[in-house]
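Both complexes below contain chain A, partnered by chain B and then by chain C.
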Partner chain A sequence: MISSRFSKIASWVYLATLYGFIFLPVAVLVLFSFQDGRLPVPPFNGATLKWYGEVFADSRLMSALGNSLMVAIGSSLVACVLGFCAAYGLARYVLPASRLQRGLLVAPMTVSYLIIALGLLSTFNWVGISLSLWTVGIGHVMINLPLCFAIIYASMGDHQKNIERAARDLGAAEWQVMTQVSAPMLMPSILAAFFLSVTFSWDEFIIAFLLSRFDVTLPVEIWSMLRSGLNPKTNAVGSVVFLVSVALLLILELIVFRRTAKK
Partner chain B sequence: MTAPVSIRNATKTFGDFTALDDVSLDIAAGEFIVLLGPSGCGKTTLLSLLGGFLSPTKGVIEIAGRDMGDVPPARRPTTTMFQDYALFPHMTLRDNVAFGLKMRNVAKRERQTKAEELLDMVGLKASAGKKPHELSGGQRQRVALARALAVEPDVLLLDEPLGALDLKLRRQMQDELKAIQKRVGTTFVHVTHDQEEAMAIADRIVVMNAGKIEDVGRPEDIYMRPRTLFSARFMGEVNFIPGTLEALSNESISVKTVLGAVTLPNAALGDQALKPGQKITLAIRPEHFRASTGTGPRITLGKAKVEDGSFFGTHHRAHLSPLDYPDMVITAHMPQSAIIEPGAWVDLTIDPASVVILPGHPAATAQEDAA
Partner chain C sequence: MAQATLETRENRRAWGFVTPALLWTIAFFVIPFIVMAAISLATRKGREIVMAFNLDNYITFFEKAHLLKGLFVSLEITFTVTIISVVLAYPLAWIIAERVPQKWQRMALIMAILPFWTSYVVRSYSWLLVLAKNGVINNTLLHIGLIAEPLELASTRTATVIGFVHFFVMLLTLTIYANLVQMPPNYRRAAADLGANGFQVFWHVVLPLTLPGIMVGAFLTFVLCIGDYITPQILGGNNELALPQVIMLQLGRRADFPMAATLSIILMAVVTLAYIACARWLKMERT
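And now, the complex of A and B:
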């Protein structure tokens, strides 16, 4: 009796510690973004929205936020299209060394972002491409393509193959099969890949830092703000980044996973 | 629309395996053909050759007199109804049925009208706006049929379309398929391994085995006058009585069997040319043992002892062991009113017209008891 009660309490303590460990830093970040004072450290002096006002009035931060959204959405779209085409080809046709090709496609997932960024940096130098948001976007396509490919490829089964065969039998050309049958049929996984890519690109720092020059993304801008020391404004912009990520995941959960569950 | 199909010497091999071995078949326009056989007999391969999903290793396939050699599935005058229906899950029934017309650049209004007409034909007009996952198996099946017919193919290929349905629904869909086929007049080529289904819907049945055609004909002919031991066995329960052909004249044939000598009318041979001395088998359906009832010509294969019997409603099914050859088990269907008592003796009396003589002895086909 006692031992079962003890283990019940222990499991609750464990649960609380676990979630505390994961969410305490975020909670602290968000809490002190409302700090009425100059330092985002205890004691908490009372709530104010002043710092959020400053964030949204800061034109550099706002243009970085716009850049981030542009890079995130653009690179995710490209990664999804490329990932879908690669998955379709490898799932539907007998290609030479298809196992090796699949392996090569997902291999960048295991490489650290730093290495990818350094590799791209020297490649761009060598080819003579100057750094810009485009090069950041290319870097983000590189890290998100393996993810998009893996998610979409995993959802391509033999049942859909038969449906595609039916479409061809009814007169559809290959591009019509892909755009009107396969892609809509796989839309839940394509959307899942897209939203995950957007969240990864949204708060990616190393590649964005090394591959950008004048126009920068939000994480890079925050980093340069941090160099002049902590203040509640950095907490506020950090909270905004966090909020957007949460919103994206909620969208993913609501429109993608709910749709799949219904089927 | 409708068209004849001609298959000439079609062979299809996959590596060392010959799926289809020199098959020739002519199908008339508007005919309902059923390809019947056990799994692996080549029936689905033949259907895929017609649909263009496979190309023959050797041989020619013509539809409406045109060689289909290099014509891809999309440009053939055929459509296929798949076993798992293969409906587009993200489209409404209306869009599913209209898909083929859309691919043919038919204007939106026109193709939707046509789609609704076809959904009406299969009794699903009210559900035109639903998605496939809201339907039952039988309803999905009907949508698949409407979708395949919407583009007015010359030939509709049906790949075991009723395989996933339960028995009652399957019988009902058979009637519907046949009625719709008569109405649209399209040539139907239907693949199945269910011989009852084949008999219920076919104008002609093509019995296939090991990549070859065993028998072709009307259901009545295939059932009552099969051309091979395999075909006789696959179409339903049958008793094989091995023997030898003794003599044949213009009117009659003398046969010596393990159950004694019998004389049969010449018709028992069908169009086969057999010679005296050749090994033959008498094929007799269980319902043809109507022990000494009725009038007309009779022959007897001696007496047999009743081993057991069970009542099937329309008949008693009994196992008999003949006096002359007790190792053989004969299955007979006795009239409803008969009294079946194990140990009783009955006469093995049959109408000679119902007996079919087939070449060879059944031992070679004993393992193929797929029916």
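And now, the complex of A and C:
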């Protein structure tokens, strides 16, 4: 009896400790983004919104933020469309070497982003394509396509096949089946793939760093801010990014998972 | 005959669906990899890359201590991180699956993921705030009088390991939790009915059944950890370089593209070996 009580208390202490460890850095980050002083370290001198003001007044940061959103949404759209079509083709038709094709499509998932970035950098140099946000976008499609394909392919079950067949028997053309029957049925997983891709692209550093030149994305801009050492303004940017990402997570939770839960 | 033409038309349509994604993967993954492999066989002459098709770069890698050391530093960090993360995450996943009331479990998992929705560059920076000479930990310890001088926590391997463990504890908790809740409760009840005590049930039933989840999580940890540049660069500093830092150094200061390509191929080979070992093991478990 005593031992079970002890193990119960120990469990809660352990849980609290690890959650404390998990939350410590983000708590410090957000707290000292309000620091009234030049250093984001203790002691806490009092709250000010000055650093947030500086963040929103910083045109480089704001354009980096815009670039990040553009690249994230654009590359995720492309990755989702390509991934959906490939999943549709491989799940609904019998193709030669389909195992090999599936393997090829998910292969980039097992390779470090650094290596994908270096490979693309060598190739762009070799062909003579100059670096821009477009090259970053290409890289981000490449890392998100395997993910989109895998998520959507996994959710294509046989019961949907029958509904598609019924639509075809009723005279629907193939593109109608795809856009008006299959895509709506698979919407939860398509949306999940899309939002996951957006967050991955939004947060990605090494590809964006190596494949961009003048216009950069937000993580790259934050990286260059780090050279100035500890600075409450960096805390403020980080907190803003955190809020945006949590908002995305909430959207994902509300739209996608609620819908799947209902079914 | 009609059947055959129908089939070829169907087939052509199917290829139409799959081809764009395949072409994209070939153009931006397969070809870049071949180009990089070719460049790893080249040499650098001044600022030019001269195709030489020899293994000089690979030989140099094994001869130059500072290059080889990068690989060992990376492997040591990765193994340390993987082991610490599994040891910390397993009890956490178990507590969430067993002790936390069912309706709160989802919330508990979401809360565990939440802090990782900061930018990943920012995450390492946040740890710097905690570990810096005038950071939170040193400040607290000095304040309560536990230490007289601030500890050197930032720019050490410890800092890198802490930064990594922070992320991978969360990741492994998710994979292990998924395994724990999938396990039918009857297995444990059966073991208990047959006279096993709590520890025996865990050691002989629960742990073996969750081992695949641990292995998958550990493999993910290995891959992500060994290829990461940000965490060792921000938290570990330049005192000792992990392999990705060495690669970036070749690109930046030394502008030695062939050597960077060589190191990347070696990094990829290490990951592939880990993958083969992991896949073999999982296959053996299943049969």
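Note that in this section the second predicted complex is superposed on the first by the 263 of 263 C-alpha atoms of A that agree within 3 Å, B and C clash if a C-alpha of one lies under 4 Å from a C-alpha of the other, contacts with A are read in each partner's own complex, and residues count from 1 in each chain.
Simple rule for what comes next: contacts are C-beta pairs under 8 Å (C-beta built on N, C-alpha and C of every residue); 3 or more make two chains touch, one makes a residue touch a chain.
Predicted, not measured: the structure shown is a model, and the values here were computed from it.
When both complexes are overlaid on chain A, chain B and chain C end up sitting side by side without clashing. Once the two complexes are laid over each other on the shared chain, residue contacts for A:34 go to neither chain B nor chain C.
Shared-chain residue A:194: touches no atom of chain B or chain C. The superposition-derived angle at chain A (between chain B and chain C) is 100°, Cα centres, a multiple of 10.
In the overlay built on the shared chain, the residue A:119 is in contact with chain C alone; chain B does not reach it. Contacts of A:168 after superposition: chain B is touched, whereas chain C is not reached. Within the superposed three-chain model, A:51 lies out of touch with both chain B and chain C [touch as defined at top]. Of the two partners chain B and chain C, it is C that touches the larger number of chain A residues. With the two structures overlaid on their shared chain A, chain B and chain C come no closer than 5 Å at the level of C-alpha atoms. Partner chain A is touched in their complex by these residues of chain B: 51, 53, 72-75, 78-80, 82, 84, 86-91, 99-100, 103-104, 133, 147-148, 151.
Across the complex, chain C meets chain A through its residues 10-11, 13-18, 20-22, 24-26, 28-33, 35-36, 39, 88, 91-92, 95-96, 99-100, 110-115, 117-123, 125-130, 132, 134-136, 139-140, 166, 169-170, 223-224, 226-230, 234, 244, 247, 251, 257, 260-261, 264, 267-268, 271-272, 275. Residue ranges on chain A touching chain B, taken from their complex, read 159, 162-163, 165-173, 176, 180-181, 184-185, 187, 263. Those residues of chain A that touch chain C in the complex are listed here as 8, 11-12, 14-15, 18-19, 21-26, 28-29, 32, 39-43, 82-83, 85-86, 88-90, 92-95, 101, 104-105, 107-108, 110-116, 118-120, 122-123, 125-126, 138-139, 141-142, 145, 149, 174, 199, 202-203, 205-206, 210, 218-219, 222-223, 226, 230, 234-235, 237-238, 241-242, 245-246, 248-249, 253.
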